[in-house]
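Each structure below is given as structure tokens.
Same chain, two partners: chain A is paired with chain B first, then with chain C.
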Partner chain A sequence: MAAVAVGAEQLGVRQRWDRWWTRNQIKVLPYVFISPFFVVFALFLAYPVVDAFITSFMRQKGLDPPEFVGLTNYVNLTQDPRYLKSLVNTSEFALGSIFVLSPLAFLLAVVVNSRMVPWPNVKSVYRLAFFVPLLTSAVVVSLMFGILYDYNSGFLNALLSSLFGDGAKVGWIRDPKVALWSILLISIWQFTGLNSLYFLAGLQNIPKEIEEAAIIDGAGKWAMLWGITLPMLRPVVLFVVVQAINGSYQLFAQPLLLTGGGPSDATVTMTLYLYETGFQYFNLGYASAIGWSLVIIIVALAVLQLRLFGAFRDD
Partner chain B sequence: MTSRRSFLGFAAFALAAPILAACGQSAAPAPTSAPASSGGSPAQPTTAPAAAPTTAPAAAPTTAPAAGAAATTAPAAAKPATGANAVTLEVWAHWDQGVDWITNAMKNYNFPNSNITIKKVVYPIAEVHAKMLAAISSGQGVPDIMRIEQGRFSPFIKGQTIGLMDLTDKIGAKKNDLVLGSAVDYWSWKGKIYGIGNELNVVTLAYRKDMFDDVGAKTPFESWKDFEDAGAVLKQKKNVFATSWHDQSEGDFQNLTFAAGGKYLDENGDFAGATDVGVDIMAMMHDQIHKSKIATVAPVTGDSTWAPPIFWAAYKEDKIASTMGAPWHNGNMGRDVQIGPSQSGKWRLQRIPKGFGENKPTSTQGGTSVSIPTKAPHPDEAWQVIDFTHLTKAVLQDHEERGILVTYKPALADPSIKDKAWDFYGGQKTGELYIELAQDMPRIQQSPWKPEIDKAFRDIVATPILGDANAGKNEIKAAFDKMKAEIERIKKL
Partner chain C sequence: MTTEARTIRSTRRRASRWASITLTNAILIVLVCVVAMPFVTMVLGSIKPQNEIYSTSIKFLPSRWYPTNYEKLFGETMYVRWYLNTLIVAVSRTVLALFLCTLAGFAFAKYEFKFKKPLFVFVIATFTLPFQVVLVPLYKLTQTLGWVNTYWVMILPFAAPAFIIFLARQYIVAIPTELLEAARIDGAGELSIFLRIVMPILKPALAVMSILVFNAGWNEYLWPLIVINDQKLFVLNLALPALRGPYGNEYGTVLAGATLATIPVVAVFVFMQRQFIEGIMAGALKS
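Then we have the complex of A and B:
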């Protein structure tokens, strides 16, 4: 008798659940389907990010338990010449990306979009060619440029010394004044093509009628460029610049593989310094503070760019 | 309705499974099983080629950091023990052979305890030490034996808590049977021994006898002065650099300092190389590059600051005629990963030339230990394995597999080491030389701050001095002072 009562009760629960499900499944299902992303995000991104924030207020020596030190790690950052050097290097690289790489990419896009390359098939070949360097891994690219840059037997110095004598050799990755620009050169080789594709897509989306109207009104090439092309490309320029800055502040593989941050910290970047502090010195608190300072800088710069480019404007 | 319910049930299961699996992970990294030959990124083979160098002198990463590289785990070649007393020891290393030789030694040299078998876990070198620290710190997933590369030992001794067993008493009187400079010094701190290395990393100078013979230079070189004189003729007649000095590694400076009877680190773990002899050593390297121009800066890359492929390429192309280092560096250069067989018979090994301080003939450079974490599940069995494989002739297994020299003195006298004539070195019995030099191997110190000290040395002393043609002894002294200040600053962070 008791078993029958339990069975009836279970049946009742089941029926209630079925009714509830029938009424609410439309509301619930979308959340179920998107939940895998949030679960993975929470476990593998949000949790480490929050944990790193907490760790940034700790000091940990070796295997000893962490000790709360308040803002000490952040204060030390402001007085750490290596951190400041990494900040300057990274910022210089970012400026190079914005003012050298991006204009080059724009020029490339303008040329491919112009009458200089009139055939659509050839345009496609260029587009493909622009993309190829991106398919090469950072490790391979660094090894390749390491060989090109070698002081004694590298191709570049061999060329220079054959043209101008031994005195013309450059310490591409050995001279502190040159090394960072050598790494920028690698980025230019690897990423200019991709950025030019962004610009190319933007250029091809500019309505022909506007350009034709401007020509009828007597606008010259410069006027067209400044008055029509660049304003119409504003969203693309914004995207390219934001990408360039984000990428620059996360620059890691090339300096690690090519110079190790040297010579004498000439190419140490913020992420490289973070890696060194966290995984070679195992000063996890300080490394976390470096990481969070990087977050703050990137977010601040992104907001600044959005404002400068008028991304919040309604037009 | 039924099918929809089934689908939702399946969806819920699929969602729950990874969550539960993730929750089930121990705080320590739980290695994923994979075929023994796989693992790591392409840039980071976990399997070292036969006789490949297993150690790196610089603290700088010798490999790129691998994102998400998986560990390789495999049971040892030995048949798994069964029964109530069966114990499987988990051994972590950064290359397969680093565990395989231990397993093979147990099998081939008749390890007496058949209840013990080995489970190998291999992670890329850029990750394995961080995982070891995490395991010790959390107490979860702690292995029984860890193979710790000397350049990455410092974090283990940085705080008051040292999560490794003191092996001093266990080694006991057998300490006298070890070449201590290579066997224990790198893993010792404040009088306690936390690991044993089996590689005798005795440093020699390898030189191109054929080239120096061609220009009429007398070899082997008695002193650095003789070397410089010969190098000047070699440069003039053949346009070949006599040697290369590393400007992004502390290795050369350390070797010459140790050979001079000096210290790189003192008993408290502080930098001790800023002496008059240290200044003289830096000045010699500088002057050979910039004044006599018989030497060049070693061609290296950022991720491998000692001897990457680009380094060996310069030797293959007959551009440089000597290199100093331990056996893993210059003891078997005929391998394809180094110079290759094309220069067979042209090279010789000799002691480090005289010229500084006590004029010792050698130094020690590199090594990887076996260490037992204090929280190891089977510490007694782990010690049984270490005792057998490192403190008996079973250590010869690693010599048989890789050609390395061994730190256990009774095994060093084995004919396979002592009597072997090497074709690459013109029939020279290099083992004899190594055994002779091992008698004078210097004792060295370790430091909780070694990576920081090495980095400061590279950035503040080696790179600027060797890169500045006008630098003199005053600049070297100033660089040492600046370096000391930098180390003190870093210690406070």
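Then we have the complex of A and C:
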């Protein structure tokens, strides 16, 4: 008797739970569905970001217990020549990407999209050919260019010296004045095609009527470019610029594998310096301060970009 | 103007147009060759003896067929194992991210719940955070958990990338809600609606997203460099620079390894161009 009663009661609980679940699952499940992201975020991003913030006020070498030193790490950063050089290099690289790589990509998009390439199939062949370098990893790219850039027996210097004599050889990655631009050249090789695809998508989004109206009004080619095409491309330009800046702050494998940041700090980047400080010298407090300085710069730039270009579209 | 003069003018104009078309395409073809050159160097270099890879004269073709680089790669190194490691990491990251991100994207697209909007904005805001800032603390955490030199550590931190959630939401919003309602009336549970209705419709979008995640996984470098130091767990990006040998000059094997490492990504690209380009463009157009 008693056993049956307990069984019935359990059934009741089960039933009540089922009824509650059918009524409420639609309210509960969305939180369940989004929770994995927040778990991963909390464990692998939020907690470490906070931890990095705390560590950035500590002196902590390797496994030694941390010691609170206040703002010392940040103050030291402002007087650290290698850090300052990495800031300058990263900024120069970003400016190079914005003012050399992006215009090249734009030019490529305009030319391939124009009547100068009248055959649609050929257009897509060009697009794909310029796109393929994107697929190689930064490591493979660095190794390939390491061979091409070699001073004594690399392909580029072999070509230059056979054309113009030995004096024309360039110290691609061993001349401090040239090294950073050699790395930019790799990025140009790798990312121009991708960026021109972005521009192409933007160009194709411009309604034909607007251009036709401008032509009827007698606008010349340059007036069209400055007055219509570029303003209409503003969202794409913003996106390309943001990508260029992000890419510069992430630049790491190329200087690590090609130059080790040298010659005389000419190619040291912020990520490379952070890596060296944290994982070669195990100066964890100082590395965390470098990391946080990066966050501050990137957030500041994001705010600045939004001010300059207006907010993102609403949708 | 006589008809004759008009014909001459239009012929001339056509001729000059063809001249500039020819010139433009000639320049573009030269540029395509320049872009292809590093690849040619890599592939041909992988079948050249060491002394021909670095050479003071310009010679593209190897003087003889020289398979030793590949023989060394497979005979003297753990290349196959490194290749499998990379595959395991990239595929696991893809499967996990696709499942978790579409699930979250589904919730953000098709349900009403408290704090939905701020939570979504928050998800988007997280992808501006530079990953470098968490390197040191994440490494400490990895050590505490005993995860150094494991597959997990290369997979789990990337299990639910915010950008893929954002993309998934964009795609799922386009699915008609009536379809889901109809299934609900037929008594389908929410999870089976997701698995049986949303996922099949999403197939083309899944291809796009998986390409993005797989590519990112295959090309990851900085994070494995920090948390993996056991050769058995190396991914290709860690192994390739190490192949240069103690004096950093054994480029033959490096190029052989790099050639084989580049093939899968290029193959995926060749077979799935449309999805590939759509995936890349999604970033530019949807944000």
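Here is the rule we use: the second predicted complex is superposed on the first by the 287 of 315 C-alpha atoms of A that agree within 3 Å, B and C clash if a C-alpha of one lies under 4 Å from a C-alpha of the other, contacts with A are read in each partner's own complex, and residues count from 1 in each chain.
Just so it is clear, a contact is a pair of C-beta atoms (placed from the backbone, for glycine too) under 8 Å apart; a residue touches a chain by one contact, two chains touch by 3 or more.
Please read all numbers here as calculations on a predicted model, not as lab measurements.
Q: Return fit or clash for chain B versus chain C, each positioned on chain A through the superposition.
A: Clash.
Q: Could you say whether A:Tyr47 touches chain B, chain C, both of them, or neither, answering first, second, both or neither?
A: After superposition on chain A, A:Tyr47 lies in contact with chain C alone.
Q: Touching A:Pro36 in the superposition: chain B (first), chain C (second), both, neither?
A: Both partners, chain B and chain C.
Q: Is it chain B or chain C that touches the larger share of residues in chain A?
A: Partner with more touched residues of chain A: C.
Q: Examine A:Leu274 and indicate which partner it touches, taking first as chain B and second as chain C; both and neither are also allowed.
A: second
Q: With the two structures laid over each other on chain A, which partner does A:Ala253 touch: chain B (first), chain C (second), both, or neither?
A: Touch partners of A:Ala253: chain B and chain C.
Q: Check the residue A:Trp222 against both partner chains and state whether it touches chain B (first), chain C (second), both, or neither.
A: Neither: A:Trp222 stays clear of chain B and chain C.
Q: In the overlay, answer first, second, both or neither for which of chain B and chain C A:Val111 touches.
A: A:Val111 contacts chain C only, not chain B.
Q: Just to be sure I read the superposition right, which of the two partners does A:Asn76 touch: chain B = first, chain C = second, or both, or neither?
A: first
Q: May I ask you to decide whether A:Val139 touches chain B, chain C, both, or neither, giving the answer as first, second, both or neither?
A: Once the two structures are laid over each other on A, A:Val139 reaches both partners.
Q: Would you find which stretch of chain C runs into chain B in the superposed arrangement, from 4-12, 40-48, 94-102 or 220-228?
A: 220-228
Q: Could you pull out which residues of chain A sit against chain B in one structure and against chain C in the other?
A: 33, 36, 40, 43, 139, 143, 147, 150, 152-153, 253, 257, 275, 279
Q: Can you tell me which positions in chain A touch chain C when the two form their complex?
A: 25-27, 29-31, 33-34, 36-37, 40-41, 43-45, 47-49, 51-52, 55, 111-112, 115-118, 122, 126, 128-141, 143-145, 147-148, 150, 152-155, 158-159, 161-162, 189, 193-194, 197-198, 201-202, 236, 239-240, 249-250, 252-253, 257, 270-271, 274-275, 278-279, 284, 287-288, 291-292, 294-295, 298-299, 302, 312
Q: Note which residues of chain A are touching chain B in the complex, please.
A: Touch list, chain A to chain B: 32-33, 35-36, 39-40, 43, 60-64, 73, 76, 80, 139, 142-143, 146-147, 150-153, 171, 173-176, 253, 255-265, 275-276, 279-283, 286.
Q: For chain C, which residues count as touching chain A in their complex?
A: 20-21, 24-25, 28, 31-32, 35-39, 41-42, 45, 53-58, 100-101, 103-104, 106-108, 111, 113, 116, 119, 123, 126, 128-130, 132-141, 156-157, 159-160, 162, 165, 189-191, 194, 215, 218-219, 221-222, 225-226, 236-237, 240-241, 251, 254-255, 258, 261-262, 265-266, 269, 273, 277, 280-281, 283-285, 287
Q: Using the touch definition from the top, list the residues of chain B that touch chain A in their complex.
A: My answer: residues 8, 11-12, 15, 18-19, 22, 42-43, 59-61, 64-65, 126, 130, 133, 136-137, 155-163, 247-248, 296-297, 299, 301-303, 305, 310, 313-314, 317, 319, 448, 451-452, 455, 458-460, 463-464, 467, 489-490, 492-493.
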